[in-house]
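Each of the two complexes below includes chain A, the first together with chain B, the second together with chain C.
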Partner chain A sequence: MQEAIPLNWRKYPERYRLEGTHCEECGQDFYPKKNICPNCRRKGKLEDKQMPREGKIISYSKVKASHKDFKDETPYYVALIELKNGVTIFSQVVDSLDNEVEIGAEVEKVFRKLNDKKYGVIAYSHKFRVKK
Partner chain B sequence: MRDVVIIGTGQTKFGEKWEKSLKALMAEAGVKAVKNSKIKGEEIDALYTGCMASGRLVGQEHIGALVADQVGLNPIPSTRVEAACASGGTALRTAYLSIKSGEHDLVVAGGGEKMGDVPTERVNYALGGAGDQETEIFNGATFAALYALMARKHMEKYGTTEKQLAEVSVKNHENGAKNPYAQYQREISVESVMNSPEIASPLKLFDCSPITDGAASVVLTTKEKAEEKGKDYIEIKASAQASDTLNLANRKSITEIKATQQASRKAYEQSGIKPEQVDFAEVHDCFTIAEILAMEDLGFYEKGEAAKAVEQGKTKLEGELPINPSGGLKAKGHPVGATGIAQAIEAYKQLTGKAKERQIENPKTALTHNIGGTGATAVVHMFQKPSKEE
Partner chain C sequence: MTGISAYGTSIPLRRIKVEEIAKQWGDNPENIKNGLRVKEKTVRNHDEDSATLAVEASREAIKTNQINAKQIEAVYVGSESPPYAVKPTAGIVAEAVGATPNLTGADLEFACKAGTAGIQAAIGMIKSNEIDKALVIGTDTSQSSPNNALEYSAGCGAGALVLDKQGEIAEIKKTTSYTTDTPDFWRKAHKEFPDHGGRFTGKPAYFKHVINSTKNLLEQTGKDKEEFDYFIFHQPNGKFPLKAAKKLEIPKEKVEPGLVTPKIGNTYSAATFLGLSNVLDRAKPGQEILLTSYGSGAGSDSFWIKMKQQPENKLEKKKPEKTLEDKINRKKYVDYGTYASYMNKLKEVY
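Presenting the complex of A and B:
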């Protein structure tokens, strides 16, 4: 099922640059972007901020049965990655050997094609690879 | 405030129902529940129906009106309730609240899903809607993968093993073998689970609940009305719900489901019943790890102890705390929107002594636990057999 191009386009800052938000009031970073700081509510002051490019794997899985948009890429690794600022994100892990993908492994962000079927344009996103 | 009770139940057999449409399944369960309750259609004040993904699965929305139309109950209010895999539980809770509040006296809470009409990868895509589309599903998450992330971390932190996860599945199939409505009425071995194909490591095919067609319904009314009718009933002692972040990455811990902890804590407060007084529970085992998490987060076992309890047989039908006597989502089947209602049906059957081959010995108190997504919604209900001295 193809979806509208803007649906992909408006997410570029979040997906390409890992742009999240930072609250000036309490100092916490958020990804994905928040509209209201959950700590400070109305008093919070949110501004856009790029998340760090490095982190470590908290947990991972090798996906062998996927949904239709990822049929051709399967199998692939997904992981929860804790970035240097303490924010955790979900991402794929690529360019890494089976024995390198493990809990605690240091990873760095790369920019990769994600999908060319769904959005009418090629969709790119962040992925991570284990640091050599 | 008034006491709310369940006076009757109905369900379709769960499984591959090629010959039946979504509305036919829902109508079948609803009509059975009404007959079983010995009420007349005219007595029904409202309908609430849990359904998660009919839009993506069969191209039909507006399920509330569809159901009322199909069973000839126009013009009563009829509402669809959606909370992903917790749609059934939230439909039950909405129905409960409508009576508790005094607005209605007798309502039907149902749920159903028709999942077998599209190929498996389309089902995976539809179920993905329960997670965060923008950060998870877009980047290649499947539901099995998200639960696999929780499983892997639980294994690292508490030493839970793949074999212990397999034991959950084996136990649920043992129970399912005794449930004539279950999708899989056969036992399986630990080896067959361990040797089933990997879906998202460390989870294998037999760690996952299946794709299922089916529907379930229960009839709710006040205790007074049930007494008048002289029909077997069970009391709803608590109905509680909690929410959490839609995406897994934003949770502080992935080895627990906070919404389960919060909803169950509220339920224990409402009912005045402690976890150790619960005689059996139907929990949301969409994946084997989910049953382990539920056993811990509901307060039945300490963190890290649930997997051992399963391995020691403590949660079998004849164990100290039977979990998923119906066969659970794994063996009974998981027609998503029906699941929360089917759990209440098992509570009704066990507490009224109608569970036949899988009857637990004289249970008084039951708990049901229904999860949406990876734990962004949790609904907990508690039920009791009416005590004789009242």
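Presenting the complex of A and C:
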């Protein structure tokens, strides 16, 4: 599942630094980035902003059957995470013991490989782990 | 002056015990544990590499002391296990911490001392007023051939230092080196696993360089070794640093706080950074540290580091929330099969 090099590259700010957008007009944060503020429409003033790197799990699932590219890491956890600014994000939860992954668990962002094939560039991105 | 204004570390959660590796190859684990003074080692996860560990260590350093990443004007990464043969890890780190684009960066190579070569490069840039702030990292996820002595110790980890003129944590007062051409350890291009010169790795390699570089520092500074509170030596295993200390007539109590290899394995380029971090985690204002790295091939760099005079509570606030010891104590054991798969060992076995 090798994605196009430009697609991966364009996502560096979002994937590497969890960069989203902030609307100066209504004060709301968005991730992924928005081109137009859904609240203020044309009046909105959007600027790039790094999202908080901490949040909590609001829902999760343990993936036991996955695409063959993720065979080595199966089973793994995916979770819906509410960041400290209220923005929700869907991400993988790594480096956490089974009894630690639960609703309400505090998580922090880590920098990990998303995929790495023999040919092509390595895609790095955010994942989360339970804060310990 | 030049000094350390922030530091951070990153080690994988996973560990493998010496017993588990010994079981595969019919070795006696007690002999190995006593011989190397290593109990277990860190194992990277399938989604970790020397770049991800470098980013994590750097972020911890930057976050702890609220460094403005845009002020970082140089990123130097020392490693012998970069994710790409050609494509700098320095760029990945700079992008991930938000230091791009107005900075210089480079990946450095000198076996396990590439990271300390990076410290020296940064000191040069800062002292010559070319830059104000540098991020220097030692990181490795080192390979070892299955059923090779190295397999018991080759571990994974990263340490990062933010260096600048202020030196909020400690001042680096002097650096010296000792370098020769010594065939103790090498990996040819396109080879997956390294080779080593067996007995050649000890006396003419590690000890000769570590001891001479350390002596160079003492001679050039006129310092007495009694004046140092901590000594950190490169640590390919748990034994060599203590043996070097004995030869230099340094009490082992001054070496042990900077000795983390027995619990996490040899983290190569990260080893001296992690040893230093473990010392910084407990060092008090005014204390003095002598650090000597070692890179096969071979060379050593030594540093005289002095903790900044300041109220102790002020210093503590500049240290990461989690100590390296906290991270060492949090772990998950894996079996040999999982380890072999995570470390990609199966692709070149024939």
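Quick note on the criterion: the second predicted complex is superposed on the first by the 125 of 132 C-alpha atoms of A that agree within 3 Å, B and C clash if a C-alpha of one lies under 4 Å from a C-alpha of the other, contacts with A are read in each partner's own complex, and residues count from 1 in each chain.
The criterion applied here is as follows: a residue touches a chain if its C-beta (ideal position, glycine included) is under 8 Å from a C-beta of that chain, and two chains touch if they have at least 3 such contacts.
Everything numeric in this text was worked out from a predicted model, so none of it was measured.
Once the two complexes are laid over each other on the shared chain, residue contacts for A:78 go to chain B alone; chain C is not touched.
In the superposition on chain A, A:90 makes contact with chain B only, not with chain C.
Looking at the shared chain after the overlay, A:11 reaches chain B, while chain C stays out of its contact range.
In the superposed model, A:64 lies in contact with chain B only, and not with chain C. In the superposition on chain A, contact of A:50 is made with chain C only, not with chain B.
Greater residue coverage of chain A by touch, when chain B is weighed against chain C, goes to B. Put simply, chain A uses residues 73, 114 to touch chain B in one complex and chain C in the other.
Of all residues in chain A, those touching chain C in their complex are 12, 16-17, 50, 72-73, 94-95, 97, 110-114, 116, 121-122, 124, 127, 132.
Looking at the complex, you find that chain A touches chain B at residues 11, 14-15, 31-32, 58-71, 73, 76, 78-80, 88-92, 103, 114, 123, 125.
Across the complex, chain A is touched by residues 119-122, 124-125, 128, 132, 134-142, 144-145, 148-150, 152-153, 156, 197-203, 247-250, 254 of chain B. Note for the complex: chain C touches chain A at residues 12-13, 45-49, 51-52, 55-56, 59, 83-84, 87, 92, 95-98, 330, 332, 341-342.
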